[in-house]
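Labels run A, B, C, D, E and F following the written order; every chain starts at residue 1.
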Amino acid sequence: MKQNNYRHDVITLGETMLRLAAPSKQRLEQCSSLDMTVGGSELTVAANLAGIGAKTAWISRLPENPMGRFVANKAREQGVDTSRIVWTNDPDARVGLYFVEMGAKPRPSRVYYDRRNSAASRMTFAETNWSALLPEARIVHMSGITPALSESCAGLTFDLLKAAREEQCLVSFDLNYRSKLWSEGDAGECYRRLLPDIDILITNRYDCERFFSLKGDESEMAVELSDKYSIRIIAFTSGEAPAVWSGRWSASLWYDGEFFAAPEAEEIEVVDRFGAGDAFAAGLLKGVLEDDPETALQLGNAMAAISQTTFGDIAWIREHDLTDYFENKNFNIRR
Amino acid sequence: MKQNNYRHDVITLGETMLRLAAPSKQRLEQCSSLDMTVGGSELTVAANLAGIGAKTAWISRLPENPMGRFVANKAREQGVDTSRIVWTNDPDARVGLYFVEMGAKPRPSRVYYDRRNSAASRMTFAETNWSALLPEARIVHMSGITPALSESCAGLTFDLLKAAREEQCLVSFDLNYRSKLWSEGDAGECYRRLLPDIDILITNRYDCERFFSLKGDESEMAVELSDKYSIRIIAFTSGEAPAVWSGRWSASLWYDGEFFAAPEAEEIEVVDRFGAGDAFAAGLLKGVLEDDPETALQLGNAMAAISQTTFGDIAWIREHDLTDYFENKNFNIRR
Amino acid sequence: MKQNNYRHDVITLGETMLRLAAPSKQRLEQCSSLDMTVGGSELTVAANLAGIGAKTAWISRLPENPMGRFVANKAREQGVDTSRIVWTNDPDARVGLYFVEMGAKPRPSRVYYDRRNSAASRMTFAETNWSALLPEARIVHMSGITPALSESCAGLTFDLLKAAREEQCLVSFDLNYRSKLWSEGDAGECYRRLLPDIDILITNRYDCERFFSLKGDESEMAVELSDKYSIRIIAFTSGEAPAVWSGRWSASLWYDGEFFAAPEAEEIEVVDRFGAGDAFAAGLLKGVLEDDPETALQLGNAMAAISQTTFGDIAWIREHDLTDYFENKNFNIRR
Amino acid sequence: MKQNNYRHDVITLGETMLRLAAPSKQRLEQCSSLDMTVGGSELTVAANLAGIGAKTAWISRLPENPMGRFVANKAREQGVDTSRIVWTNDPDARVGLYFVEMGAKPRPSRVYYDRRNSAASRMTFAETNWSALLPEARIVHMSGITPALSESCAGLTFDLLKAAREEQCLVSFDLNYRSKLWSEGDAGECYRRLLPDIDILITNRYDCERFFSLKGDESEMAVELSDKYSIRIIAFTSGEAPAVWSGRWSASLWYDGEFFAAPEAEEIEVVDRFGAGDAFAAGLLKGVLEDDPETALQLGNAMAAISQTTFGDIAWIREHDLTDYFENKNFNIRR
Amino acid sequence: MKQNNYRHDVITLGETMLRLAAPSKQRLEQCSSLDMTVGGSELTVAANLAGIGAKTAWISRLPENPMGRFVANKAREQGVDTSRIVWTNDPDARVGLYFVEMGAKPRPSRVYYDRRNSAASRMTFAETNWSALLPEARIVHMSGITPALSESCAGLTFDLLKAAREEQCLVSFDLNYRSKLWSEGDAGECYRRLLPDIDILITNRYDCERFFSLKGDESEMAVELSDKYSIRIIAFTSGEAPAVWSGRWSASLWYDGEFFAAPEAEEIEVVDRFGAGDAFAAGLLKGVLEDDPETALQLGNAMAAISQTTFGDIAWIREHDLTDYFENKNFNIRR
Amino acid sequence: MKQNNYRHDVITLGETMLRLAAPSKQRLEQCSSLDMTVGGSELTVAANLAGIGAKTAWISRLPENPMGRFVANKAREQGVDTSRIVWTNDPDARVGLYFVEMGAKPRPSRVYYDRRNSAASRMTFAETNWSALLPEARIVHMSGITPALSESCAGLTFDLLKAAREEQCLVSFDLNYRSKLWSEGDAGECYRRLLPDIDILITNRYDCERFFSLKGDESEMAVELSDKYSIRIIAFTSGEAPAVWSGRWSASLWYDGEFFAAPEAEEIEVVDRFGAGDAFAAGLLKGVLEDDPETALQLGNAMAAISQTTFGDIAWIREHDLTDYFENKNFNIRR
């Protein structure tokens, strides 16, 4: 991997939407205001990485209007480089949205997407000057949401993964299957075409079964994926939801031929489950940047857990939170 | 029972009050604003039924002022027919109120009523044109709160139950004993006079003991009530409160001579325990409208559980919530 | 005109959107929550009419999801009959949106629409059973927004105006030109084709100049329009905005051959300028229902003024507000 | 007048209610929360006096429940002595309420009272140990609201005014006619019986005409009242409301035989017009305590003006506000 | 101990700060508003005692500005006598602050202090007229925070404890070690100098080990402390935090030679853990005022538990809450 | 001036504080939450410049804690380069604060500072690598607040102005006298020492009189200042406050020997007067970057006016706002 003195530790690309959530545990039909933040898997990864000290950029396509600027502002607020966002003046360009309704057992939390025809869904490979960007980046991270957005986004995904490889970037990919966007069949076909260009794969046992027809335990799956597609690093995440207000999180890791089993998952008091997987990805990549598999697994799991205790998709985790997490198992007030 | 093509599946009658609740788990003495919704057992039943597809009307008496209109607006918002509300221009007419303070173990939630002399407490049988309404209704539902409000309300209760019977409506009654309104002695006497006119009774084991001197388990109580008063359908509810933020709910059902034991109660993450019994009643009556005892019991229990996860007395449950409830026992985000 | 005993005094048809407004005079980029209400010219007319005692229905097309139900709930809350809404289960169906930013002089208030591809933009004439509805309605009201939404909506507009005429409904039409939706050329051509089917036209001097090439003062314009297209009733509105927090409103009226000049406009303290024109239309139509031109003009102007003092597009005006308005010109607290 | 070393400068007695106001300029029908403060003319006078350095007590009757304690807490927060409040454990005892809806021109602000049968309306003279209190008080202040509440409150008013006189307290009375509580005839009769026991009268020109059949300008009215009833100090207030968000206030004063004309009224930016008269009374009485008519008039007018710039009935005015008011006529930010 | 007819049951002295808390479980970096209450160990004790019927005063030093008055207002609101507060007009005088961020397992709640150079940190013994106050007080309560604030505060602590002893007040002291303010070494030295002047000590097992080198169980520690320093009453508190939203609390008590073991701790649903120790102290001192060790221990534990269910440092506990607590172990709604 | 291809158009340096404002026009003593934003003259200039397209950096000193990060986040959100902020881990380091209370005529808005001993007040020249920064900057902007903060800040001000000059940066300085921080005598002495190093001076007529003993009109003052100190560009601002909710703003400009008189000031509806001068400075400097005096004056005045219509010190102005401002004088809703 490229060393520490490059301009960007991690570049991510993808769509970010306005997240409009019913406040105070109300239902959407019931409320008279909505809490507005932003959400999008790849920006969340970049923001979480920036929060713990990595240099990150996020690339997307946004309309030149208050909603588009809102998204970019929130990325900048986190310390993410937004200078490569593609801005459009098309009066019909829109930011995608999703509505969120927080649940309580036995009523699950729910998301309602309104993201069709967003400006981001019209991203193309050609509109960004990759040859200036990629040589200065150590890792390029994408997710399986992008190829599902549109044909141009699928093309962009293939082209960017290849281009990143050629520029000696590590290529990271989080499968992140979204059934609202495409069928399992289409998704699997796409994923299988992408795998040969991926260095770091974030997936889970169930997706490995349905998309790659893998069997056995996670270490066996890792061996097979690694053999077949030359993937160096594979994380298998597992987030349990015994209830809405409590959860558990753990992941195992295959790293350059070695398998690290998932540590025991501790109970989490869940404020906002959204973005847990992206927080994991951020912690994982921080460890990869340090080329330390144990750090990668520990940080990934820590960030996924803490992320669920904070409101919004972005986790707002700082280094002192990780220190606290690893040093303390007492939950009195820290003064 | 009358079939499906009548104007109203269920007509309910009773008082609805403004519910003024301290927000954000504050105490009443501590807060500078109050969350305003509406609450009243019989409107809540009608609203919850409308939410899952039944045609309902609610009848009451309200002052022609913003607070009175607020109550009617909220009923209309739920799809309840409010065209038979009796409006008064008496400048002293008022909407009853109750103040709510949410608790946390070991401090229980508390209600403080301020409902004396409300417009609804002066309802009379004569001011509504029942002979036009009842022939078009399949079920008439009332509760044991109404006869406790005033003498005129007690008279209205007796007269309406009898009139409904005569028009071949099924008569449903939820005991709902309120110790602030009358003594156990007065209540018991009233209830025992009403029972012969009731087809569907919602009660619980403890009330059967103290008001009807019944003994034994719920199935034995059901047999005795059914024998003595010719009640076709009897539900015995049981809501446990091991803590304030968690609960359990279950009910058993006697239906045309058959006893259906209560299913095991699952844990509920409680947002707002208010209205659980009314949500049960709505689910039960939906099943009765379909003349299906298993549906009645399952829907009643499901709605009582989900109702506790939503803010306010009214449950805001829609058909997809029930589908979710019966199909899933995983509490991850539904996307 | 049909007399008072029909089912609906006024039926309106059109799109209603979620209105997402930055709270507390914040800018959109700055806020962390949005106030959610609903807005759409034709529903606002129906709601405002219902608020002052008319029987109204609103027809539109909505997705079967929380956002669609939110819109219908808010219509019901106002007492508008929503039973003829067309519901779609298409998972891609969406409710249109608009974002609102309140201004202060010298910064005007702004609207940002995100309404393309809404469920309502796919309304068709065929999906509603007009032959059951129109005979029971006295007035049918539409606006010039609907034909601009899509081809199917334009077709629906033409067909409905004709069908309403045939059923002896009075046809009311508010030009309501929206430059974001179509060009002046396209709009003018459409309007000119619609005029022969219109009984009641709401317009203004500037639109009469640019779309109908009229000249002279409003009374001269009225004569010409009336002569050419047989329009019985024409209102010319005039809303001034000398600042953002203060305004003036007045309108003149041509009614069955007689011209009523605009009364002097008084100063308005503006809370929310949105929906003033729709409030005028409601007041006007109330007067038309009573076939009283002076009432029509006075109520229209009163409602347009009061409407600007209340938050949201819908005016929440009740009969006592009108009494107050006409009786009092003192602004002390009414106790 | 008694000198400065008494326990209480001013004792006031009267009802205080919960004030439930629609927030953010919403209408009552429209809002989902209400801002809760307290309001009652006599407590407001005592609180405003305490805020500018006088020692005051307020006497009333309250239920021993959170709403009753809320009222007493808010009085204590202002530094008012609440130790003589009469507390009742009657489970039916209630705190009176009023609902507030803020207006905007041409829609006036509105109050809706719900105060019948309040605990305060059952106050009696006998339940307070006046012989211990009155010798230690310099001024006793009441208003014309109290005798209108109930027969027992009317009796209390008569008895207390007489008892205060006997103990050499100055007796202050603000007419404060409330048409919702009694007729002009009943009020006038009562006022005329009370006048002989009053040293300080707060009234206005219109009330002097309708209740005391006075004519002429304010100085002539003062001479006549003073001659007939031996009233030492008479204030004639005049609050204008050219709009809802702007106002003017002025008052003239008769003080021991001398007439002080009203200074010119300056424009006020009105946040909350409620309590302006009570703020005037507080300023006036502060001047009376210093036996300085010019101070009395200036402080009264200043406090009435500033009071309208603060949210709630109580004015939250501190001594530095008065310094600012008298020294500055520039409205830049004070840093 | 002095009997019941003294002016003050308990006088406390110490700093109170503004408490600025991120709302709705947000992180501090994330929020756009802060909830403002007040917090300070000794005022909290006085307020909690006043809430359950004791006569208390609180003494401190505050700037004459809105923030200083805010603190005093909130003390008065609770019924605490604030007449002995020392007010300063120094323009640089400030109220100390602390920022609060509520956590969720595995992220603990956090406090960030900004209290240096507060007006309270400059309190001196000389500026209060103790010889007028102490003879009228039964108990004087302080905490180990005060001597850590500054040299003058340390001097004040020593002098006041001695002066209180001389006036036959019972001297109560809560160790309350704050590591941000001083080292363990400095604190221990100070505490050991103070112990001989203390009658009532609130501490815990861990502090007894580190500051007083005690060993063994709590009863053995009590014997040793009591023997060595003649301390009559010693409470050992134990608050567990297995998670952030749930907790347990218990304490044991040494009282005039008798040891009362800690009762079993029940689970608490934690709204706000802040102030639990101060609520314990208040309950304990209430029992001491009645000279009843069992009441002292029960009330202390009850108040510490209930305190954690209410927002803010002050517990807002009233006598009916204690009745509920001791009579009920069911958590249904109390109507 | 350096041309357009430098890294930073404008670098500013100064303190930024947390701004804690009472919400909804409440008084500080009255509110239970505070709105938190950030405020500091020099960051506001940088942010406003970034908002209209300039490349800016802001330099300051902040503690490594949530409050320090909050300030930096908000700067980043605006697109300001924060990479040169000096971070301190001193546990006693604090962010300065100010409390804001919004007024209404006749009560002015008020600020209460709590900024002593802030981390920023300990800035030094030495801790920043100026030799790397200044060559890449076109303008360096400071204000007269910084030298008033502390001796080290005064030294930093002198040293930085000189160093910026040496590196051919244009030096901009806004006098911004703060009477709470130092005397007129000390300020004047400092200002007079700084003037020779300044290229762009923002001041007003009154300050020129009291600090530089200038007489005559603004053009005469400009000539004298320019002659004596070789200042190229001098702006004389004039913000009027006839009331709290309305204002006027204008400024005149001396630019390279030519005087541009102030255009007539139009009425502003004032949401938040804070930061108007900083918005002017940003507009002025934008014009200076384009070396266009007319643009400088127009943009300055436009931004100062619009800035008062937005909440917070930072103006959130975007290029479309300026287009609107210059093209339109009608205040209807822009759709």
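In the analysis below, a residue touches a chain if its C-beta (ideal position, glycine included) is under 8 Å from a C-beta of that chain, and two chains touch if they have at least 3 such contacts.
Only a predicted model underlies this, so the values are computations on that prediction, with no experimental measurement involved.
Residues touching across the chain C and chain F pair largely diverge in numbering: under half of the numbers involved belong to both copies. If you compare B-C with A-E, the chain pair joined by more contacting C-beta pairs is A-E.
The equivalent interface to C-D, defined as the listed pair sharing over half of its contact pairs by residue number with it, is D-F out of D-F, A-F or E-F. Taking each chain's centre as the mean of its C-alpha atoms, chain C lies 62 Å from chain E. With centres set at the average Cα position, the gap from chain D to chain E is 39 Å. Averaging Cα coordinates per chain places chain A and chain C 45 Å apart.
Among the residues of chain D, those in touch with two or more other chains are 23-24, 27, 29, 32, 69, 73, 180.
Listing the residues of chain C that touch chain A in their complex gives 20, 23, 27-29, 31-37, 65-67, 69-70, 73, 91-92, 94, 97, 99, 101, 112, 114, 116-117, 180. Listed in rising order, the residues of chain B touching chain C in the complex are 69, 73-74, 76-79, 318.
Those residues of chain C that touch chain F in the complex are listed here as 24-27, 29-30, 103-111, 113, 178-180, 239, 241-245, 273-274.
Chain C meets chain D in the complex at residues 23-24, 266-271, 305-306, 308-312, 316, 318, 321, 324-325, 328-335.
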